[in-house]
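Following are the structures in question.
Heads up, the next two complexes both have chain A, just with different partners, chain B and then chain C.
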Partner chain A sequence: MTFVKKNPSVLWFLVILAVFTLAVTLMSPGTGTGVISTSFVKTLGKTLCLAMVALAMDLVWGYTGILSLGHMAFFAVGGYMIGMWLMYARTEEIVFAALAKSPIPPTPAELHDGIASQIFGVVGSSKMPAIWAFAGSLPAQLALVVLVPAALALAFGWLAFRSRVAGVYLSILTQAMTLALALWLFQNDSGLRGNNGLSGLQNIPGLNHVPQEWLSIWFFWASAAALALAYVLLAWVVSGKFGSVIRAIRDDEQRVRFLGYPVEGYKLFVFALTAVIAGIGGALYYPQAGIINPAELAPIASIYLAVWVAIGGRGRLYGAVMGAVFVSLLSSWFTGGRAPDVPLGFATIHWVDWWQVLLGLAFVLVTLFAPQGLGGLVDLITGRRAPPRHGAPLGPDTGSLQEREAEE
Partner chain B sequence: MSSLLEVSGVCVTFDGFRAINNLSFQIGPAELRAVIGPNGAGKTTFMDIVTGKTRPDAGRVLFGEKSISLLRRSEAEIARIGVGRKFQRPTVFEDQSVADNLMTALKAARGPWKVLFWRPGPADHARVLELADQVGLAAHLARKSGELSHGQKQWLEIGMLLAQEPRLLLVDEPAAGMTLAEREQTTAMLVDLAKTRAVVVVEHDMEFVRRLNCKVTVLHEGSVLAEGSIDHVTADPQVVEVYLGR
Partner chain C sequence: MIRILLAAALALALAPGLARADSLGDILNANKALVEHASRLTIGPVIDKLAASGDPRTEALLKAWGDKKLGLRKSDGTFVLLTRKGGDYALTLPDGSGDGTAKRSDINILRPNAGVRRLIDGALVEFQLSSPDLKTRTEALSIIDRHPEAGQLKPLEASLKAETDPALRARKERLLRLLTIRFGESTPKRIAAIDSFGADTGLDLRGTLNPLLDSHRVITKAGERPQGNVERQLIPGKTITPEAAYDLLVARGDAPARLTPLARRQALEAHIEGGKVGGVPVAQMSDPEARDRAYAALEKAGKVPGAATRHEVAAAVAGHAYWRVYQEADPAMTTAAKAALAKIAVKVDAMQGLDLLIEALSLASIYFLAAIGLALTFGVMGVINMAHGEFIMMGAYTGYVVQQIVPDYTLSLLIALPLAFAVTFAAGVAMERLVVRHLYKRPLETLLATFGVSIALQQIAKNIFGTQARPLTSPGWLDGAWVLNDVVSISYIRIAIFVLGVVFLGLFLWVMKRTRLGLELRAVTQNPAMAASMGINPDRINMLAFGLGSGIAGIAGVALGLYAKVTSELGQDYIVQSFMTVVVGGVGNIWGTLAGAALIGTLQKGIEWLNPSNTLAAQTYMILFIILFIQVRPRGIIALKGRAAGD
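Up next is the complex of A and B:
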């Protein structure tokens, strides 16, 4: 196929992902020897979902030059949408089992009220909010996983791009959007259980007989498949003229306008597409995490996302995946308390506290000295070198690539 | 002769400063025109108005046989209607190959969905090769345009403009930073282009304008001071006073 021939990284990526998936399958407690624990399988599955949202971030930032600091909001919204069904359907089972013991079979209204008071008792309410209207239906909530992030991104993007907000101002606006959404969700009367969030998401309704070691590997497979699909889709999107146009927008959007391309339309398209990918990633992530609450939408989460992509190397898809996997696994190792403390005599470095400092330092150093990031290591293997270009940035726009990031 | 572009009574004010004051300008469908004037005369603002970058406070800008108004249209729409613009500084997409630059500029559907599913056919590759040949870059198609020399970038940008197939071409100081040989080549090219379309050249360099051998419009303080052949305008005492005499 010419597509694979022109984009050898796609084949490499799929092969590496398949080998990794097979290795984890053989080591998992459910399907293999059990060398690794169920919780580690979940961590790896979650990491693949994070890699997926990093891919989306790379398309929107690395390729189109829009530094969105709000994509984790779409990720969390996807999680909330699937979480609503998980929680509703699971509570339905429990309430039904409890009421079945009573002499008179429950009416649908009693069942409904029972579910509502069970879910919302924690925020002092026993009424089902209107936004839970479709929570009983899996197909409807799956559709909302895609539709809600898309609608949010389209509405926000239309307002922002149409007014030609760009650069750092747009980044601040996206942060404001994330924060506003988080603050709204923190309220008890938002209808999504306030700061309690949605919990018990690891229990899949109708699959009570399946142990977690099996569920974990199923979700791992689903995450790997979704990541593979997202990679192929985005590699295809950036391979043709569309890819040329969005990279051109990143480097000099005014010039693209004078070529006749509706720049705002492209930005909106990319913003919404990546929001959908982020939403799907979130819908796969949170059943593995088991709980989602408004803290997941904290602005810092989206900043981490940008840091992963920067460390991985923006403007190339595998770089984003490398950055997300490397940094998030390292982060869970350092913050998990397993990293040995470093005694310095006068003070001791506890990595749980110092990891963030290390990450911040790594971000600064990568930005200054190795803008190609981890993806640049691949160039060492393939022997690709940057062309001589005498130092100027590649375009006048704030999002444009710097010379040292560009490839031959 | 009916005109391709008709600008009449246009005024633009920036923070109280009248950049363009009751400007009127016309150009035919196949004509070469030079626009000259001292700094601050409104040359760039004039181009900004025609290409949709700046909205005038008053006046009309009409284009084509159907006299489509260019006011209230976005830059992209105006470009699709058939107005191409060449900037003073060469602006090519440095991260992409010469072939990709030309392919992006090639006249085709511009909407996101259509572009997403668009794949170049043999005719498109042939056209890119032909354009590259025309601007002397056929041997460099696979190179990143960032590696090209300054002059080659200028040529690539001209190639991209040709790929757009505009009916009106606005060219901002094409000779800036060019060697003498490149200037001569550029002059010949502009004269040749003006046989099939309208070309407006904004230029500082009198020698270059003389070589274009075309009608000249002199701008001063946002309106037309004089219009005619180069010898006619250089003989005008007012022009000498505000521009040439300095």
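Up next is the complex of A and C:
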């Protein structure tokens, strides 16, 4: 109870999320009146997954001060892991059905070869790569959704933090990691179908009789539940002593080190934890998107993630969620061609073309003039103000309220 | 007896220049049917006879034949050479005497097909080699080059003495030696010809030597040795897979084919009787063992053809020996060719190493150009400019626009270079004043804000110039390549980029070490507060440094645009590598950037060479290497020490 008292935003967040989920459930074509379409339910579900990875990004950047440009890679890796099972199990069903028509029942080897050539025919191969060894088992792949991003983050983080790579160097390195992973996946012989990626993920094996409008709302519920869990978990993580330490690392890493805290251990834990959350988010996102390919890992995706968190407001969890939901929904509205064109007399602004420009400039303006982002609006409503410092700087990072935090 | 005499006479007649056995007309008439319906397969001896006649008019005759100017007069069936004369033909007999004119319809023109014409050309080569016309002689040599034949050896040798043109003489000598390797009359002569080349890397030599080492597979019973010039034995399981060895036996008809899984399944499916195959229930057929049993039962019943079992295959493979045997029968020749090729291979490898080095250098200079501006802003101000790539793109588009206005490529390039500098300098200064200046205390946020500028600029470029690639054409004198030999060649654009890189290195060093601006820049880098108290305006210096870095990016953009296509993503493609260059090299030092560019360029080319099929993998490995390299030298190759390091 004290936890909720100390973090009133958790209760508010859960209430708003519950109301939102209920509203979507009542309007969806599967469970409600059908005011909104199945594809829009999917869009909303995907947005919740993006909000989840934005939460992770906020913990790693807004609270710990590590500007990671690689968290969308973990997100995509999570998607690939679940995608492998979806694709394998579904192809198994198809191949089994096809072979069942032949007079003689198939041997396990024939079944295996059939699946392999069905999946990898597109990259000119008919052998099952070694990394697909567990693809037939849902529990194993679900475990990999957690384990692979965690292992990747631990290995990379251990190398990077150990050699005291920090600041912009670390950002560049994480970006390089993302690029390396993307380039590796782009190869045809990486075993994940090269630039074709994994497709048909919206068809859930064993649930062929369930229509997409039901599947979409199920995934929406799952995404909402995962987001709620992630929010509570992260709110708990940042509210205690641990939270104070990571904020201290953000503000003055040297001093924390001199006080005797194992800074690298804290950073590594945060990096790996957020990678796992991102991976789970990806595992929920890509079955709703239906397709995943290496372009999802492009460094630009991770930078957009930073953009969402920055626009939403760093150093506060609800800010990250607000930024991700606001920017990604606005972005799909603008790029979907639904925004009305603006005639200027001499030229017409087509938002499909100019949305990126608007986003880029808005981003510059937010960084310059409103480092608190959309979260600053919440401060206005709650009447929370920066403490009067009479012109003295608030602290090393103006993105958050250090004095209030220090009271905890 | 008479036969022997005749054969001797024929031999004499065939020897060129020895005796005039027959006149041209006689030869043609004797083989009238063959000539009239000439075919590549049968006409050879006739052409040889004509060529050997020694008649000075042979060349003219052969040429006329090849050019479809030889005909048969319909009235009496004599061969005549034709010359156009108005609507009619002036006729010349093969012996050179004129024979009036004839209407077109009275002449049956011979039209040799392409195969026959090639034979005629081959025979003509002999005459053309000594032709007084230089062009004809050169053409004759090209024909020998393309279609070397044994008969060309002697005429070529004969023509060598009278050759006056030194270049052509050298070429003739080389061709003669190549022909000797192929068709020389004795092994010592051929080997001497091979040895005369030494480690020559010419493609023509390799093209001549390689066929000497052609070999084919021969199968013998185990323990036997095949006839001929054996290259080596193929041992199943080592130099040849047992499967391939067995396939060879099958192909020769010595063994029955193996049963493929598919064929077995089809055979089983064809013999389902009452839910059973060969006594085994169909439901059990998902087990491979059950399938084996079922097939064996069917085989026993004689319902399916016998297939080689694994045991039989192994026995058949073991019962034979496999060899590679050279086509060339003489072991001395193959040994000599092998030795020569080995020598050549060593030299070619060395050349390829040189080529690789040059390519790495060229790539390094591209990265250097792209990164030098970044090194300036990052090094002096500690600010990461994510829009650096877009400044490169801006420079490239400036070059493109200038080329649309000024059509002369050389002139437009000379205008574009300073203009690109000016445009991106202004853009850089504007960005520094409007955005970066406010964020000096917050480097991570500079990264994000400049990224915002970057996506806006990229989209604006897309809106203005479209998504398709725009060409930035290089002037004519930059086309082509500097060819050192058959292995090493460098395109002039790469040389130009390299030169540009060196020029910028010099310029940068000069600015930093010899000018007031450089002095102030270095002062601000080391300690902004102290520099300010000495009367330097750090604000102004930062602005100029940013502008300078961006301006260099613009010039790099023009150079990159010449080298690659101009798209709105041009800068993005280089930005990560540029960052890598700066990070690996070490911040704040131009030599570090140079070392970083050299390391990354060499590394990328080296990995590409190790794994040439996969440039994507090469980039992955390179980035992984850099991540590991940062472990060893976190501050780059050349790290600033002491106070300048800033901590």
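Everything below uses one rule, namely that the second predicted complex is superposed on the first by the 389 of 408 C-alpha atoms of A that agree within 3 Å, B and C clash if a C-alpha of one lies under 4 Å from a C-alpha of the other, contacts with A are read in each partner's own complex, and residues count from 1 in each chain.
The rule is simple: contacts are C-beta pairs under 8 Å (C-beta built on N, C-alpha and C of every residue); 3 or more make two chains touch, one makes a residue touch a chain.
All of these numbers come straight from a predicted model, not from anything done at the bench.
*Asks:* After the alignment on chain A, I want to confirm one thing: do chain B and chain C clash, or do they fit together?
*Replies:* fit
*Asks:* Can A:G79 be said to touch chain B (first), chain C (second), both, or neither?
*Replies:* Touch status of A:G79: no partner.
*Asks:* Please state, to the nearest 10 degrees, the angle that the Cα centres of chain B and chain C subtend at the Cα centre of chain A after superposition.
*Replies:* Spelled out: centre of chain A as vertex, angle of 100 degrees.
*Asks:* By residue count, is chain A touched more by chain B or by chain C?
*Replies:* Touching more of chain A: C.
*Asks:* When the two structures are overlaid on chain A, which partner does A:G360 contact: first (chain B), second (chain C), both, or neither?
*Replies:* In the superposition, A:G360 contacts chain C only.
*Asks:* Taking the superposition as given, does A:G191 touch the first partner, chain B, the second, chain C, both, or neither?
*Replies:* So A:G191 meets neither chain B nor chain C here.
*Asks:* Under the stated touch criterion, which partner chain does A:P106 make contact with: chain B (first), chain C (second), both, or neither?
*Replies:* second
*Asks:* Between chain B (first) and chain C (second), which, if any, makes contact with A:A248: first, second, both or neither?
*Replies:* first
*Asks:* Applying the touch criterion given at the start, work out whether A:Y266 contacts chain B, chain C, both or neither, answering first, second, both or neither.
*Replies:* In the superposition, A:Y266 touches chain B alone.
*Asks:* So, A:G114: does it touch chain B (first), chain C (second), both, or neither?
*Replies:* It touches nothing on chain B or chain C.
*Asks:* If we overlay the two complexes on their shared chain A, which of chain B and chain C does A:L368 touch? Say first, second, both or neither.
*Replies:* After superposing on A, A:L368 lies in contact with chain C but is clear of chain B.
*Asks:* Once chain A of both complexes is superposed, is A:M177 in touch with chain B (first), chain C (second), both, or neither?
*Replies:* second
*Asks:* Please give the nearest C-alpha separation between chain B and chain C in the three-chain superposition, to the whole Å.
*Replies:* 6
*Asks:* For chain A, which residues belong to both interfaces, chain B and chain C?
*Replies:* After superposing on chain A, no chain A residue contacts both chain B and chain C.
*Asks:* Tell me, which parts of chain A touch chain B in their complex?
*Replies:* That would be residues 237, 240-242, 244-245, 247-248, 251-252, 254-255, 257-263, 265-266, 269, 387-389, 394-395, 401, 403, 406, 408 of chain A.
*Asks:* Can you list the chain A residues touching chain C in their complex?
*Replies:* For chain A paired with chain C, touching residues are 65, 67, 102-110, 156, 159-160, 162-165, 167-169, 171-173, 175-177, 179-181, 183-184, 186-187, 189, 299, 303, 306-307, 310, 353-354, 356-357, 359-364, 367-368, 371, 397-398.
*Asks:* Any idea which chain B residues touch chain A in the complex?
*Replies:* 51, 53, 74-77, 79-80, 84-85, 87, 91, 93-96, 100, 103-105, 110-113, 115-116, 118-120, 143-144, 146-147, 160, 164
*Asks:* Okay, in this complex, where on chain C does chain A touch?
*Replies:* Going by the criterion above, the answer is residues 261, 265, 268-269, 272, 277, 282-283, 285-288, 291, 384, 435, 438-439, 442-445, 447-449, 451-460, 462-463, 576, 579-580, 583, 614, 616-617, 619-620, 623-624, 626-628, 630-631, 634.
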